[in-house]
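Each structure below is given as structure tokens.
Both complexes shown next keep subunit A, but they swap its partner, so subunit B is in the first and subunit C is in the second.
Right after this comes the complex of A and B.
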């Protein structure tokens, strides 16, 4: 028995990979569903901040990610756009990452079509420009000089949703869905702090801890962290909505639950083996 | 560019420099593309390490550029199709591989070897359970404790890292401005 426990620490990593794959695939295949509890926290704060915006407000939505982080950030994008459009809030979107443009367009078109909203009247995608933080500072004094045309080449002066928008200060809120740099820190430092605009955001689970200082100081009104943040938001947006569209984050949480349990199980097994080996060698005091 | 934050008279000069920055940054994308082609053609020519992957890179690069230039990048066009049906799933696949490596690395390296490592291990367990619905099903307070760990000890640590990094950046910038730090020029110190 003791030999078996000691050998546990040397499980072939291919076994771990197979168990991990099954832990993700099986809950998705059997459509395992777990309730998503909504507690007080950054996700709820984010929802409440957007919910408090009056109809007719304009929000800048920045898609600062690429396909690699899409499984976590795209459900957030869809849920956020859904909440904004349902509340008749106008959306001006752009991307600090080149591939964020198409992903943003996908989310905006999908929700816009399902809710019967109109491009250029209710939303516009300005596209991608390089520059990161410098681009944001430049937008602080003149957006139309940075983006004279939208993603499709339509002059910004001809776009109704941009009528009252000239500088960053004209937005009621800025939301950045960010997978790295440039992203949330650039928006907080260059736009939020300098022009006193509310900043909200969404990010991958692995980068969420680094944004908590911004929440603590009130520099961010809320934060959606990883798939959990996306699932929280999907759940909150669906409350009171008849026949809400299916989201991808909520089913993903069941798979993530099992995957977390499997990782914890492997850590426990590794530690049992480690302690058994240590005891055998007389290392435990 | 820093002065314009403090001296209003330098605002227009700062704005010109911002536009220059964006123009130069745009050229960096072009430079990156040329560099990518150079590196991979060079690797194919001299049969460098893993050279067989280089034609795939060049063909993929050319296919995206040509379809984008010829047909446009709007929804429903070949460029958009390749982006949504090929790039998106491949990118997501690469990132999802992390789950496997995290599981394997955690199994081999996450050991309760002393009280500090044990504390880290317990915190990790609480946060991992608190971030998934099953945590609340096990015990309703786990998500609250997880959030407390994120908002108090994590926040303190992150803030210390941010302040330390910012002070380091200021110190390094001053050393470069005053000519003390010259390693970025390619020198020894």
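Right after this comes the complex of A and C.
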């Protein structure tokens, strides 16, 4: 028995990979469903902040990510756009990351088509501009000089949704879906603190801890962290909606939970094996 | 020919080639890796030319309505200086461009960075213990304030970490470890999320092309 326990510490890493793969594949294949309780927290704060906006408000939605972080951020984008369009809130989108333009357009078109909304009347995608923080500062004084036309080449002066929008301060809220820099930190620094605009956001799980201080100080109104945040939002947006569209984050969280259990199991087994080995070699100090 | 199906198959085969590295290094992995690096480099060059250089610089230098705007030659020359880094004899010229970038970036973000990441955080930490009203808020505020102070004490090296200072430093490092643990947990979640995303693609996009519906 003791030899078996000691050997647990030397499991071939490929065995661990196979077990991890199964821990992800099986819950997805059998469509395992686990409850996602919505408690008070950054995801709920984000939902409530958007929910509190009156119909007809205009929100700036910045797609600051690329396909490498799609599994986490794209479900957030779809759920957020769904909530905004359902509440008749106008969306002006842009991207600080080049590939964010097409990903944003995918989310906007998908939800817009399903809800019968109209491009240029209910939403517009201004496209990508390089510059990050410098770009945001310039937008603070004149958006139309930074984005004279949208990503299709349509002049912004001819776009109805841009009629009342000239500076960042004209937006009721800015939401950044961020996979790094430029992203949430740039919006908080150059827009939120400088022009006193509400900033909300969604980010990859890796970067979530660094944004929590912004929540405590009120520099951000809410935050969706990783796949969990996306699943929270999908769940909240679906409440009271008949036949809601399928999301990818909620089923993903069941696989996530099983994978975490497997990781914890391996950590426990590794520690048991470590202590057993240590005891055999001379006792635990 | 259905290009969507071809795209899905290419994506699936390249994904499996990359995951094959988990067994051991092999030619399929090498091929996928080199293809990814090459395609990324090529894509970015074209993307930068079409979406950055042409709209932001060329269209300003030579506007559609005619006439040339010579002022836009300045950023063009500075950009050229950056490219000259590949010519050893002229690589020093890139310092002019870099100086401008670093100077602008530092000037623009210095006060904003200090305000957002230092002053606002200090302001958020100096709170009344009773703020919030309930006993839970009281305890929470106490942990926040004491935790920050103890964390700072741990990085105060001008006095030996013994006695009260040592105790506070121990509390500080314990709280820092809790923060690192939470950060590691989030990192694990992020990596598993990427695996889940790719698995969803393989199960629900690729397998159906072979008639397998889960």
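Note that the second predicted complex is superposed on the first by the 284 of 285 C-alpha atoms of A that agree within 3 Å, B and C clash if a C-alpha of one lies under 4 Å from a C-alpha of the other, contacts with A are read in each partner's own complex, and residues count from 1 in each chain.
Basically, contacts are C-beta pairs under 8 Å (C-beta built on N, C-alpha and C of every residue); 3 or more make two chains touch, one makes a residue touch a chain.
Because the structure is predicted, anything quoted here is derived from the model rather than measured.
*Asks:* Contacts for A:71 in the overlay, against subunit B (first) and subunit C (second): which applies, first, second, both or neither?
*Replies:* Once the two structures are laid over each other on A, A:71 reaches both partners.
*Asks:* If you stack the two complexes on chain A, which partner ends up touching A:261: first (subunit B), second (subunit C), both, or neither?
*Replies:* Touch partner of A:261: subunit B, not subunit C.
*Asks:* Among the partners subunit B and subunit C, which is in contact with a greater number of residues of subunit A?
*Replies:* When the residues of subunit A touched by each partner are counted, B comes out ahead.
*Asks:* Give one of first, second, both or neither to describe whether A:17 is in contact with subunit B, with subunit C, with both, or with none.
*Replies:* A:17 sits against subunit B and subunit C alike.
*Asks:* So, does A:226 touch the first partner subunit B, the second partner subunit C, both, or neither?
*Replies:* Touch status of A:226: both partners.
*Asks:* Looking at the overlay, does A:164 come into contact with subunit B only (first), subunit C only (second), both, or neither?
*Replies:* neither
*Asks:* Between subunit B (first) and subunit C (second), which does A:188 come into contact with in this model arrangement: first, second, both, or neither?
*Replies:* second
*Asks:* Check the residue A:216 against both partner chains and state whether it touches subunit B (first), subunit C (second), both, or neither.
*Replies:* both
*Asks:* Considering only touches as defined above, state whether A:114 meets subunit B (first), subunit C (second), both or neither.
*Replies:* Neither partner.
*Asks:* Between subunit B and subunit C, which residues of subunit A are contacted by each of them?
*Replies:* In subunit A, residues 17, 20-21, 24, 68-71, 129-130, 134, 137, 205, 208-209, 213, 216, 225-226, 228, 256, 259-260, 263 are touched by subunit B and also by subunit C.
*Asks:* For the complex, which residues does subunit B have touching subunit A?
*Replies:* Touching subunit A: residues 1, 11, 15, 18-19, 21-22, 25-26, 28-29, 73-75, 80, 83-84, 87-92, 94-96, 99-100, 102-104, 106-108, 110-113, 121, 124-125, 128-129, 131-137, 143-144, 147, 150-151, 154-155, 158-159, 161-162 of subunit B.
*Asks:* Note which residues of subunit A are touching subunit B in the complex, please.
*Replies:* 11, 13, 16-17, 20-21, 24, 34-37, 39, 41, 66-71, 99, 102-103, 105-106, 109, 129-132, 134-135, 137-138, 141, 146, 152, 205, 208-210, 212-213, 215-216, 225-226, 228, 253-254, 256-264, 266-267, 269-271, 274-275
*Asks:* In the complex, go through subunit A and note every residue touching subunit C.
*Replies:* Going by the criterion above, the answer is residues 14, 17, 20-21, 24-25, 28-29, 31, 68-72, 98, 128-130, 133-134, 137, 185, 188-190, 192-194, 204-206, 208-209, 213, 216-219, 225-228, 248, 251-252, 255-256, 259-260, 263.
*Asks:* Going by the contact rule set out above, which residues of subunit C touch subunit A in the complex?
*Replies:* So the residues of subunit C in touch with subunit A come to 22-23, 47, 51-52, 56, 104-105, 108-109, 112-113, 115-117, 120-121, 123-124, 144, 179, 182-183, 186-190, 192-200, 203, 214.
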